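Below are two complexes that have chain A in common, paired first with chain B and then with chain C.
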Partner chain A sequence: MSATESSFPKARQKDLVVEELPDETLVYDLERDKAHCLNPTAAMVWNRCDGQTSVADMAALLEQELDLPADESLVWMALDRLGKARLLEEPVTLPGEAARYSRREIMRTLSRVAGLTLLLPAVSSITAPLAAMQASCIPRSTCKFVLVPPNCTGLPICEQPTKCCLTKNATQCTPKAC
Partner chain B sequence: MRTDTAGLFERIPALLPPGSKPAATADVKRLYSVIEGGPGNRPGVRRYSMLYANTVRVSRALSLDEVLAILESDLALYVAERAPRRIFVHAGVVGWEGQAILIPGSTLSGKTSLVSALLRAGATYYSDEYAVLDERGRVHPFPRPLSIREKEGALSVKRAAVEFGARTGTKPIPVGLVAVTSYKEGARFRPRRLSEGRGILELLANTVPVRRRPKTALATLGRAVREVPILKGVRGEADDAAKALLERLSAHLGSASQVE
Partner chain C sequence: MLETGAGGLAWWRVRDTELAESPVGVDLQQAFRAQTLQSGLHARVLEEAVGKLCSAGLQPLLAKGWLAAGLYAQRGLRPYGDIDLWVRPEEHGAALEALGYPPGQQYPVDLHGNSPARDRSWDELYARARPEEVGGVSVQALGAEDHLYLLSVHMLAHGAWRPLWLCDVAAALESLPEDFDWDYCLSGGKRRANWLTTAIGLATDVLGASPGGLPTAIANARLPRWLAPALLGSWGGGTPYMHTSPMGLTVPRPGALWNALRIRWPNPIQVTIDWNRGFDRTPRLPVQFAECVVRSGRFLLGRQTATDPSLTSRRFPFRSSG
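This part shows the complex of A and B:
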């Protein structure tokens, strides 16, 4: 995708569960079983990703709605993070000018306005746990069938509390010393 | 539940999740089979005790007690994942001034130690395993005896809340505070406050049916922690952290009532 096309980014809508909070937005990705928390800046940008609003327009909206500098690099930063979280239809390609902006440079810009560094676009993510990972312990026989290396479950083995369900190799978990 | 040893049924009620009652329907969703081991037909041979869930072998051990411990854990997890009107979060819970303190965390994160310390400090016992949330976000008691590992690597022992001088909660209560913490030797408990969204992510990471019912889980957690302080940080000794948490909740409730 060219930078011109990605100047009108579009938010992904399919297979997502969205929960709006007063200041943030939570998104659950049904396809990947990941949950994301968008801070106010990232949420505002994501909500405007309708394929018709340009990056420049979004920057203007940042100023209007969040009282942030109308800085396109801030929008590109948000789009970059939303893309990495797979919350856009297509990942964005940062134009040369935006790609040059580092997080530090944007913070320097924002720090001119006291307290605004907290509003840097942020997307926090977790992988939703398997139910089996919420047990107090895991039977030895079950550990061997956990097919999610490298993490396995890390739970203690019920029959041998000194051992935990850990990675044996690329495809198998096994009881090993905790 | 079925077994080849009649006397075994007497031990089953103690293994059922708190609040269990006879079903009104004969519809069986999960059939557990316990086969008791013991001496074999020939000298020097022992038979394993076994546990099956439907047709899947869940455990095989020489000790029947180990098999029953796995039955208890598996049954609780099954209910936690599939309860239709509740969201189960892997967390310790105590009550304080009519509000719940939730301590989400994985096994071995030190939940039970902190719950024990809170009980010694005067809190009411709700659970050391699961926070059971209804659709309004209130926490229901799940008061299994506390499962305490008295030394590293040992099987846990069961201790009733009353042994800590604590009462056990009987009614659902709203969440008053969430503490995301784990033990680190020598650490001073200086938690930072998380935003509501980040706090919900921490809870989601410990929510049993999140993959099965993500929409309900998100909505329920959102209701449960609205305007609730969510603290995160490592802790040292449990007694110090318990005292700090109770003070934080009391202060929050005091300031909340002043606003009202």
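This part shows the complex of A and C:
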């Protein structure tokens, strides 16, 4: 992707489950079985990645919507992180000018406004075990929907949903009311 | 907290406190996030599964996990392992076929072919069902009255060992629709009313649920003294026996025998339901002892095998995890 194309990034939409919370956006990548948490800055940039909104426009929106400095380097930082998390159609290639921005420089920009460092674009991983621990056992089909396969959160796995394993780590199954 | 599925709820409680930044707080928040995403995954599964069932001319009833999660401020607060759907017994085979199992197991769906509510006909259940939108499809969900009963008795039938189940009852009580029909909910026999009153009493007394408009009979009911300690004991008691290895696997290892017997000592709440008793002041010890005798007899007769249908036949139909 050229720098010009990178200026109009496009968010990936296929095979993603997106859940929006008041303070963050959660994204589960079905293709890679990875879960991500986007803070408001990263989420705002990601939501504007429609292939038609330029980086400059996004920077302006940062100011309008999040009261952040309209600084393109912030947008590039977010795009870089979103790209590394494979949440963009194509990873962005930072133009020469943007590539010069170091995290420290961005921090310096943000530090002019107290408290804003918390709004640095962040895309973090979610690694917690999932709700499958609610069941005494889980069928293999459920395992596909658990965020950290193939471990399946340490629960025994059975081939049939009407059965459960005798013990953790066991391979034998018995009727569910065991 | 995490093991019992209450991690998300714990996070919700501490999210605005200094504990939120602690390592434990971070773990709880991660659990909440993971559960929220799991809920999104389940929505897709449910939408697809319901679509297949409807295409096959079947009308499933939704209850428990997914429906219970909707009672909370955020779906991610209430985790569940699979999606519980009910179909009429005569439609169970067709429903399994529509979903592609056996042996495909395309979906993490627990498909029940028995009635989700004691003493209620399927026609009654469907008459009180209400539509629930899931993605692009509409599915019939158990009516509020029947769902409160199901949540209550499911919790009691499992010995109430998971705190989340009592939270479900409390959340259901605090979300009752204005036209909630208490007369219908409590009708159907003395035992039914006793179990429901007991579950509601636990939710109000132990969790501090504050539902409005409770009937006087429920509001004034007093729980038996043994009940709250039994509940708290089961919360701190670890994994219940039904989720552990069968006794037959333990007997050859004498060292493990004592512990195996200890964790199999019948839960007083559970035996009350299993033996179709009411929650009253009378001590549970005789019923617990009787349960032990029956289980031991069954074990000695070699009937407790992995495929023995009697393991499930005496149990109430609510008995399934999640």
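Definition applied: the second predicted complex is superposed on the first by the 125 of 178 C-alpha atoms of A that agree within 3 Å, B and C clash if a C-alpha of one lies under 4 Å from a C-alpha of the other, contacts with A are read in each partner's own complex, and residues count from 1 in each chain.
Going forward, contacts are C-beta pairs under 8 Å (C-beta built on N, C-alpha and C of every residue); 3 or more make two chains touch, one makes a residue touch a chain.
Keep in mind the model is a prediction, meaning the values are calculated, not measured.
When both complexes are overlaid on chain A, the residue A:25 reaches chain B alone and has no touch with chain C. Contacts of A:17 after superposition on the shared chain: both chain B and chain C are touched.
In the superposition on chain A, A:39 makes contact with chain B only, while chain C stays out of contact range.
By the touch criterion defined above, A:64 lies against neither chain B nor chain C after alignment on the C-alpha atoms of chain A.
When the two complexes are superposed on chain A, the residues of chain A that touch both chain B and chain C are 17, 19, 21, 24, 26, 28, 35, 37, 126, 128-137, 139-142, 159, 161, 178.
Contacts from chain A toward chain B in the complex involve residues 17, 19, 21-26, 28, 30, 33, 35, 37-39, 124-126, 128-137, 139-142, 154-156, 158-159, 161-162, 178.
Listed in rising order, the residues of chain C touching chain A in the complex are 2-3, 5, 7, 27, 30-31, 33-42, 44-45, 74, 76, 79-82, 101-103, 105-110, 162, 164, 242-246, 249, 306-309, 311-312, 315, 319-322.
Contact residues on chain B toward chain A in their complex (touch as defined above): 57-61, 63, 66, 69-70, 73-74, 76-77, 80-81, 88, 90, 106-108, 129, 147, 149, 152-156, 195-198, 200-201, 204-212, 214-215, 218-219, 222.
The part of chain A that touches chain C in the complex is made up of residues 17-19, 21, 24, 26, 28, 35, 37, 126-142, 145-147, 159-161, 164, 166-167, 170, 172-178.
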